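When the chains are written out, they are named A, B, C, D, E and F in that same order, and each has its own residue count from 1.
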Amino acid sequence: MSRILVINPNSSVDMTRDIDAGLDVLRRNGGSEITCMTLAEGPREIETQEDVERVVLPVQNTIRQNEADGYVISCFSDPGLVLARETASRPVVGIAESSFLAALGLGHLFGVVAIHNRSIPRHMRNIRALGLEHRLAGDRALDIGVAEVRDAGVVDRVAKVGRTLRDEDHADVIILGCAGMGIYRTAIEDMLGIPVIDPTQVAVARLMGVIALGYARVA
Amino acid sequence: MSRILVINPNSSVDMTRDIDAGLDVLRRNGGSEITCMTLAEGPREIETQEDVERVVLPVQNTIRQNEADGYVISCFSDPGLVLARETASRPVVGIAESSFLAALGLGHLFGVVAIHNRSIPRHMRNIRALGLEHRLAGDRALDIGVAEVRDAGVVDRVAKVGRTLRDEDHADVIILGCAGMGIYRTAIEDMLGIPVIDPTQVAVARLMGVIALGYARVA
Amino acid sequence: MSRILVINPNSSVDMTRDIDAGLDVLRRNGGSEITCMTLAEGPREIETQEDVERVVLPVQNTIRQNEADGYVISCFSDPGLVLARETASRPVVGIAESSFLAALGLGHLFGVVAIHNRSIPRHMRNIRALGLEHRLAGDRALDIGVAEVRDAGVVDRVAKVGRTLRDEDHADVIILGCAGMGIYRTAIEDMLGIPVIDPTQVAVARLMGVIALGYARVA
Amino acid sequence: MSRILVINPNSSVDMTRDIDAGLDVLRRNGGSEITCMTLAEGPREIETQEDVERVVLPVQNTIRQNEADGYVISCFSDPGLVLARETASRPVVGIAESSFLAALGLGHLFGVVAIHNRSIPRHMRNIRALGLEHRLAGDRALDIGVAEVRDAGVVDRVAKVGRTLRDEDHADVIILGCAGMGIYRTAIEDMLGIPVIDPTQVAVARLMGVIALGYARVA
Amino acid sequence: MSRILVINPNSSVDMTRDIDAGLDVLRRNGGSEITCMTLAEGPREIETQEDVERVVLPVQNTIRQNEADGYVISCFSDPGLVLARETASRPVVGIAESSFLAALGLGHLFGVVAIHNRSIPRHMRNIRALGLEHRLAGDRALDIGVAEVRDAGVVDRVAKVGRTLRDEDHADVIILGCAGMGIYRTAIEDMLGIPVIDPTQVAVARLMGVIALGYARVA
Amino acid sequence: MSRILVINPNSSVDMTRDIDAGLDVLRRNGGSEITCMTLAEGPREIETQEDVERVVLPVQNTIRQNEADGYVISCFSDPGLVLARETASRPVVGIAESSFLAALGLGHLFGVVAIHNRSIPRHMRNIRALGLEHRLAGDRALDIGVAEVRDAGVVDRVAKVGRTLRDEDHADVIILGCAGMGIYRTAIEDMLGIPVIDPTQVAVARLMGVIALGYARVA
């Protein structure tokens, strides 16, 4: 049985618990063992580029010190992904890039619900770097703190932005631009009537396929 | 346990057997049950557009008459995919589109080994329709009959075209543009030193993820 | 004198009559003989992908059984176009692809008036497959039945959508995304003040040029 | 009967004669009357940007002083096209832009046979300005003087470059990047086995359609 | 000390004075000597394509007759740029192309404030010709005469259009699509809170770098 | 007088000296004061992604501790650029992004001479992220160590790769994909006959313009 390690690069044990709960749907008899861990030395939230940079080496160390058949970096900034891939001997996936790839297979035009307005240019650079700009419907922000992502009202706020992406930008699949919201995915899907992507879920599903097919690396 | 039906839309029982053998890597305790079936009324090979069109309604019927949690149309022309999606209540994936999506996650630029030169414009239209042309390194043909795909020498011929895609077109991942070659995948990978994609394998892996995550449709 | 056969692949004789009337502008002394015919075995309307697929072989047969110097498939889904081209020895054009090409020569950004919202992703795939996405201003739907296309109020409804494409999406040429509206073209043009394209008209004009110049095939 | 004026903006009466002969294929009973005229004040050849600029106003004057239903500027630099369109009340087409549009309807990837290497960046800017770069296979130069275009050996030289465009760049339709070669078109086509485009021929054919359909302007 | 000649190709001495004042920021001890001159034979304003064409040869003559280390053609239509480059032995830059290039380095998506609606398609062709369409947020017009550019209220009008580009089109850098507004740049910047580009300023700054680095030509 | 700090993020004092010498061309009476400094805690060379990540925070600290009017990070991996921009109150530019922008203004298609083959996918991601892929002619590697960049034979090796980029890939401007080669720029330019870009030179020139025009940040 293959083992997948999902790393939450911030120090919030609550978020790790939510990420973990959101992955239950992928836990099956005989399937991969999926373990979520918290980066103890990570910041409480990853909000700034400095937060991102400060976890790059700790994420690499975590991968080095925890043997597994594959690794997921569960933060929508994909912190440390390039370095982790350079040094790990097993496949490492980021949740942002995984969500963009998954969106191509679930709809014609994807919309992204960003946490902050200031993240949107970074998303755009990522999407263009992947050569996928022709499939992007739009990227719109909740403009809340990462902490509020776990608040009661988040489902309604996400659904409101999702409706704008669907109705004004013509998105027919929506990416939740943050980790830890997998537990709300089907609720939001019911409200919007189109597929909704939790980035960590699709990252794990992608990694399960990569491992099963025996690819040693992804890129 | 979910059930996946892989439909070989030509009538070659030998090819169905090879497709089936190439999927063993995805059969695990407790995983999806993967069944391959031959379209009895299909042509011996799908080589012309007329071959493609003649199997569109039979593929739809096969899906209607065989309950499963998801379907793979295992021919690199993706025959009948649009219709099957319109009418099926469960997800249906084609192997060509699945291979293009999978390639994005395994390398920077993908190369396609086509069976025939005359298929290349169709591949290009597909790749552009998916908005992925910036990730295509090249598409080069073996220029053999579909039947010869199952010949002894095919591995060497594919590896030769693959080397040209790698060395002249800068591909760092190669798609085998035909069903039934999964059994040769690791041999070709060893010869080329870069990831090689069997379209049916990645289509089944994609479908396993889609089913596990509870998406009713793909697009 | 060259002969052009325009095939209405649905069974509506009324629509064929409208298509025919819309082509009078192209009938000149000594010009091509333009004949419109109804596909008797076609559905009353082509609305679903199943409607499209069911006319593919009948369209091919019609072309085989009716000698001409060139053929137009007069339905905005371009049903059976790829197969017809493979087997016909004379040029065959579809009206959707012809309208996209014609739009490039009449304006800077084109807008499409779709009949249904659900057709828009198919249009987008076509436009991307042709590599023309940078020239698309927008695609907006009337959201009426194909039958209503022939209703009294259709001109006003099309003009309303056309105005949105012109004023919000910056289109300076509008494509009518359906056959049979050529008779209304100049009325809509007068209301919008920018060129309007009837796809069958430009398909026939294109074919007249292709035939005159002696090209045996188009692609 | 509509009248089309084809303006050769250089002063070579011999080239005008060749252009005229190349258009015989479009002269039919009852069709458009096609007249070719030489710009007496034009340079012997249009080779430099200064040659281009010096004919801009004379081309405009010629259009003003010669009433017709449409105008073709028959030089692959499309000199004066933007100005002519601004001031003429009837449609004006250039042969370069017309050839790029025509190529989209005759093949999947087009190749251009340029006269000079130094023209290639200008072609590329044109093709990108039209948003068509994804359909360009390649642009390769004969590297001869415009005068030599009318030499005996030109067919062989063009065919040689055309073969490279076809075999190395994967072009399946070839544009002759110069006026006056229409008389050689079918010979070159026979040598290459793929469609070849004489820009003046397709410009006239395009204009015939535009006039017949009653469009007052093109863009 | 290098000498840069900035040519205002219209005959408005007032506009030349404004252009000149807008360049004071680039005048430093020991820096380039920047001289602005009026094209006496130019039209009062450059509004039509005919205005553009009529200054092409005069601009070339002006460059020939005034020795300098580099030249700026200070009109957002870049009139005569291609010809000037062909014949000048020193670098010549246009202000429109320079503003598009500068925008890439100051923001993620640029917006253009056009004077007239009818200029927008020309801007789009330029931007596509440069291959930069993926970085364009939008292009919106003031719809005033060039003369009014120098009116009292222009700052407010520009700021209003700039806000729309920023808030609806997601531009994070704004180009003033006209010469002579450099004196208002910082005022507009203060109102918008994002970088604003005066095309002549960035053209001169670009040319200073090109000259300092010893490049004899730009392209 | 403005002060520009050029940071060599590796610890090679010899390379810093070469970078410094390559910038003499930009030192003029009354111009910016350009200072080059070595990151003492940097690795001997920046070859791996780990090398890149390890200098991110030191580069930020260096900027914090050294007041200047603008900063250049002089390594073709642009290490720490995103973080430095987030935290610095003055503009920070990277040399790779600056070289891509500069190339747009010096030629039609740019070629990149990479040090290593393994850097090419990273360059491609950068170029796509900037939306500039349509202007890239090709990227070819010397395949030498960074240390060898300072060897006697480097000019010939670079010129050889540059010729291939020019003759096979149609580049008309060449980027030297490494810091410290500015001292060889004109020699290589003489050998190739087309403009050659030293990334640090164009980064400094860009920054001089940005500072002179009073922009507080770049992006």
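Note that a residue touches a chain if its C-beta (ideal position, glycine included) is under 8 Å from a C-beta of that chain, and two chains touch if they have at least 3 such contacts.
A quick note: this is a predicted structure, and the numbers were derived from the prediction, not measured.
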>> Given that subunit C and subunit D are copies and touch, would you call their interface same or different according to whether over half of its residue numbers are shared?
In response: same
>> Taking each chain's centre as the mean of its C-alpha atoms, which one ends up farthest from the centre of subunit B?
In response: E
> Copy of B-C's interface among D-E, E-F or D-F, judged by over half the contact pairs being the same?
Replying inline: D-E
> Using CA atom averages as chain centres, what separation in Å is found between subunit A and subunit B?
Replying inline: 27
> When the centre of a chain is set as the mean of its C-alpha atoms, what distance in Å lies between subunit A and subunit D?
Replying inline: 53
>> Can you compute the centre-to-centre distance for subunit C and subunit E, using the mean CA position of each chain? Integer Å is fine.
In response: 43
> Cα centroid separation between subunit A and subunit F, in whole Å?
Replying inline: 33
> What are the residue numbers in subunit F that touch two or more other chains?
Replying inline: 108, 121, 125, 128, 130-131, 133-134, 172, 219
> Name the touching chain pairs, would you?
Replying inline: A-B, A-C, A-E, A-F, B-C, B-D, B-F, C-D, C-E, D-E, D-F, E-F
>> Per the contact definition, I'd like the list of subunit C residues that touch subunit B in the complex.
In response: 48-50, 52-54, 56-57, 60, 80, 82-83, 86-87, 121, 125-126, 128-131, 133, 219
> Which of the residues in subunit E end up touching subunit A in this complex?
Replying inline: 108-109, 134, 170, 172
>> Taking the touch rule as given, give the residues of subunit E at its contact with subunit C in the complex, in rising order.
In response: 120-121, 124-125, 128, 133
>> Which stretch or stretches of subunit B touch subunit A in the complex?
In response: 25-26, 28-31, 93, 97-98, 101, 104-108, 130-135, 172-173, 186, 195, 201-202, 205-206, 208-210, 212-215, 217-219
